[in-house]
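In what comes next, chain A is part of two complexes: it sits with chain B in the first one and with chain C in the second one.
So, the complex of A and B:
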């Protein structure tokens, strides 16, 4: 018995229909702990080099962690790892909500989907009863309708993760939707599930999760909740959630505006968290065990609809980045993406690119199926979202993501395709924020913010500084923060409420029986970070430094307006940042872990 | 004293359910909690919690007198004396009297330990007269 774990790995071979369970390997639990650690372990070990992301050899690895579903403030995180159809590299998307807890209570630490089903199916898990069932009645439907049908059919205790038409149709950035508005959003994890012909996973668990020391567990769990409840920022944070930073980003020039051409939006005030809370929010909506829920559930009177969100990233990418001036329009675009099963961040990125290309005359009505594209045009955006999800006409071009779309269209449009490694950059403009810039450049899934959210650090120490301390901070964040994704818990209690992270140490020990300090955990994080880097190199011929370069927009085109008007990071400094980063990581000048680093981290077994 | 809930403040996180199961069973298992959460989504988008009001209807119908008052003035189930007859279940006006034989060999209910209140971050739960 593994304390703190469900205890088993569930394998579902969709080609043959074979379902099997194996005990969670104790040595993998020891070395990789859970969540994203399990994901990269199984991906590297089991998915052969050169696998087609949409082919039968790719696997979708869904993992909880030892803190998932427990008496832990924010124990609601689930990792979805696969080879990304968007980037061709490592994808690991974090899903909040209630799914990860339900997996644990069904006795499962990882679900590994293998092969391709000959027909649409859904995976049904009710404790030990595990079946593949016909999904023909659900195929083609939106995520909300399917979730509602399953809830009505099986009951509220069942948790559902479902793809939309975007995943079925092979949109490269399709997501997985759960609990009417929580997503495993980035990197095309929903695309892989769709390629496997799996419409949904339904899970219900009634087992208790074993813990090493129940009294110490209760005491440490209660202490963490107490600290959250007594935190000074609790009330303000819970009122606005992630939208609390919209105004701050606008003020400091980090709010993506019209395809990241600026970092402040002249109509940004209409999208601020305060406006959203007053105008559309009807309730807070928390992930499992969260005392400070960032989830806001909204009602859009203009459309007669409901949506969870929009969160900060979506307000940035489907709001200011598209020139939207009304929060209800942003929320409606959010709803369409959620229901159709595509990532709001990538959708906002690729649509902004299309609008810019259109306004520059690179694209015309002849390319866009007659749609007139302009900034601040919700109806055109709604139409594009639907076209993307269905891969219809012009939507098929955008459905491959901004990197490939720009390569296809050419004519200089590659210069304003805002991505790193093929992943559309999330919602922080980095013209003059060098820590956040290097964070995006080196993030292990592409241009995503969650590994090292360093933008506040930029402001704290001098945003244009290019110094080793900044890079060191980013590396520390990259090693430390993703450990929450390994443990199966949320980082926001630490980030936003400033909870003493030491409180997690006795809690983790009481649950698993294994004493670990944060220093121990950061060492695991460092090892995982290097392993993901090696995975990228294994899967991509010629992988290296060039792949870490940001969009030229951030070193060639200073914004014309807003807080960062006239400001830019010079190309020379971009390269200096990379040099410092590689050196501190123990990587060579091309950004590859050196043999000494591989040996030091005991990763030799993973390098063929 | 009894437990109260303000549904408008509930965010559906279920921390209360985990804390409850830990108190009642010394186990982590939200299915073994003595509160019920009913989410109403995608519309109208509200959470509804059911909590024990300590009305005592369960105790009055219990043929083995297994439901007793504790030092907090709350009704609790004396597990040794429960014979799983389920007479209490339909009597509960809030549907928070539980018998699930696949999960436990006795009935269970809220004993007003207060742990759910302790972990609720939004102030949706409290204890008062």
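So, the complex of A and C:
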């Protein structure tokens, strides 16, 4: 019996229909703990080198952690890991909501989907009753309709993770939707689920989870809740959620504007969190066990619709980055992406690229199925979102992601395809924010913000400074922050409420029985980080330094307006940042872990 | 003629770790932050008497100012 765990790994071979369970390996729980750690372990060990992301050998690995579903403020996270169809490397997406708790109560730590089903199915889990069922009636439908139908069919206590047409049709950045508005969003995890012909996972569990010390568990769990409830920023954080940063990003030049050509938006005020709260938010919504619900549920009167969101990232990528000036238009674009099953960040990135290419004459109406693309044109964007999800006409080009679309179109459009490693950059403009820039460049899934959100540090120490301290900060964040995704808990309690992270230590010990400090956890995080790097190299011939380079926009094209007008990071500083990063990581000049680093981290068994 | 300046979380370090400090009215919030060597752009949210204001708001007698930083993003 593993304290803090469901106790089993569920394997579902979709090709044969065989469903089996095996005990969660204690040594994997010890070394990789859970969540994202389990994901990279199984991916590296079980998915052969060179696997086609959409082929039968790829696996989709869904893992909870020891804090998931427990008396833990924010213990509602699970990780979705696979080989990414968007990047060809490591994909790991975090899902909030209520799914992971039910999964754990069903006694499952990881669900591993293998093979490809001959026909559309959904996976039904109700404690020990686990079946593949016919999904033909649901195939082709939007995520909201399917979730509603399943809730009506099985009951509210059943939790649903579902793909939309985007995942079915092979859009490279398809996501998985859950609880009508929570997503495992990035890297194409929904694409892989769609390739496996799995429309949804329905899960419900009633089992107990063993803990090492019940009294200490209750005490430590309540101490964390108490700290959240007493946090001085709780009221404001709950009121605005992540939208609190829209106005701030606009002020400091980090708000992506018209395909990251600037970091401040002249109409940004219409998209601020205060405006959104006043104009469209109708209620707050939280994930499992959360005392500070950051989700905002919005009603769009001009469309007669409602949606959970938009979050900051979506406001940036489907708002200012597309030149939108009305928060209802942003929310409607959010709704379409969620229902059709595509990631709002990547969608915003690739659509912004298309608009810029059109305004520069690289694309014409002959390319866009007659659509006239321009900044601040919601109707055209809504049409594009649908075309992408269905891979119709021009949408099929965009559905492969911005890197491949720009490679196909060429004509210099590669220069304003804003991505790293093929993943569209999320919503922080990095013309003059060197810590955030190196964070994006070295992020283990591509240009995503959540591993090391370092932009405040840029402001504290001087945004254009290129110093080892900044790189050290980014590395620390990369080792530390993703550990929440390993543990199965949300990081926002620490991130935004400023909760003392030490409160997690006695809680984790009471649950698992294993004493671990944050220093211990960061060491695990460092090991996982290096393993993901080795995975990228294993899967991509010639992988190295060139893959870490950002879009030239951030070192060649200073914004013409806004807070960062005239500012860029020089190319030589980009390279200095990389040099410092590699040295501090113990990697060689090409960005690969050295033999000494591999040995020190005991990763030799993972290197072929 | 004073206002109460209440930086939250990490911003407390700029006023010596205290919970709050009295500041003169008549100056903008931006000027007041600068007086404490606090980079104005580091505060994500400025609330005066629980209403959001810009950093160019001129402090009035009796105002209570809360400043919230973005600690770690989304």
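Note that the second predicted complex is superposed on the first by the 608 of 608 C-alpha atoms of A that agree within 3 Å, B and C clash if a C-alpha of one lies under 4 Å from a C-alpha of the other, contacts with A are read in each partner's own complex, and residues count from 1 in each chain.
Here is the rule we use: contacts are C-beta pairs under 8 Å (C-beta built on N, C-alpha and C of every residue); 3 or more make two chains touch, one makes a residue touch a chain.
Owing to the predicted nature of the structure, the values given are computational and were not obtained by experimental measurement.
*Asks:* In the overlay, answer first, second, both or neither for which of chain B and chain C A:134 touches.
*Replies:* In the superposition, A:134 touches no partner, neither chain B nor chain C.
*Asks:* By the touch definition at the top of the document, which applies to A:228: first (chain B), second (chain C), both, or neither?
*Replies:* After superposing on A, A:228 lies in contact with chain B but is clear of chain C.
*Asks:* Using the superposition described at the top, determine whether chain B or chain C touches more residues of chain A.
*Replies:* In the superposed model, B touches more residues of chain A.
*Asks:* Taking the superposition as given, does A:209 touch the first partner, chain B, the second, chain C, both, or neither?
*Replies:* In the superposition, A:209 contacts chain B only.
*Asks:* With both complexes superposed on chain A, which partner does A:599 reach: first (chain B), second (chain C), both or neither?
*Replies:* In the superposed model, A:599 contacts neither chain B nor chain C.
*Asks:* Is A:242 contacted by the first partner chain B, the second partner chain C, both or neither?
*Replies:* After superposing on A, A:242 lies in contact with chain C but is clear of chain B.
*Asks:* Between chain B and chain C, whom does A:372 touch in the aligned arrangement: first, second, both, or neither?
*Replies:* neither
*Asks:* Mind sorting out which residues of chain A both chain B and chain C touch, each in its own complex?
*Replies:* No residue of chain A touches both chain B and chain C.
*Asks:* Please output the residues of chain A touching chain B within their complex, sorted ascending.
*Replies:* Touching chain B from chain A are residues 69-71, 73, 76, 98, 101, 105, 144, 148, 156-157, 179-180, 205-209, 211, 214, 217-218, 221-222, 225-226, 228-229, 234, 238, 282-293, 295, 297, 299, 306.
*Asks:* Any idea which chain B residues touch chain A in the complex?
*Replies:* Residues 8-9, 11-15, 18-19, 21-22, 25-32, 37-39, 41-47, 102-103, 115, 118-122.
*Asks:* Name, in rising order, each residue of chain A that touches chain C in their complex.
*Replies:* Residues in contact with chain C: 232-233, 236, 240, 242, 244-245, 247-248, 251-252, 274, 311-313, 428, 449-450, 453, 455-456, 459-460, 477, 481, 491-492, 494-496, 498.
*Asks:* For chain C, which residues count as touching chain A in their complex?
*Replies:* Within the complex, chain C contacts chain A at residues 8-10, 39, 41-45, 47, 52, 66, 68-74.
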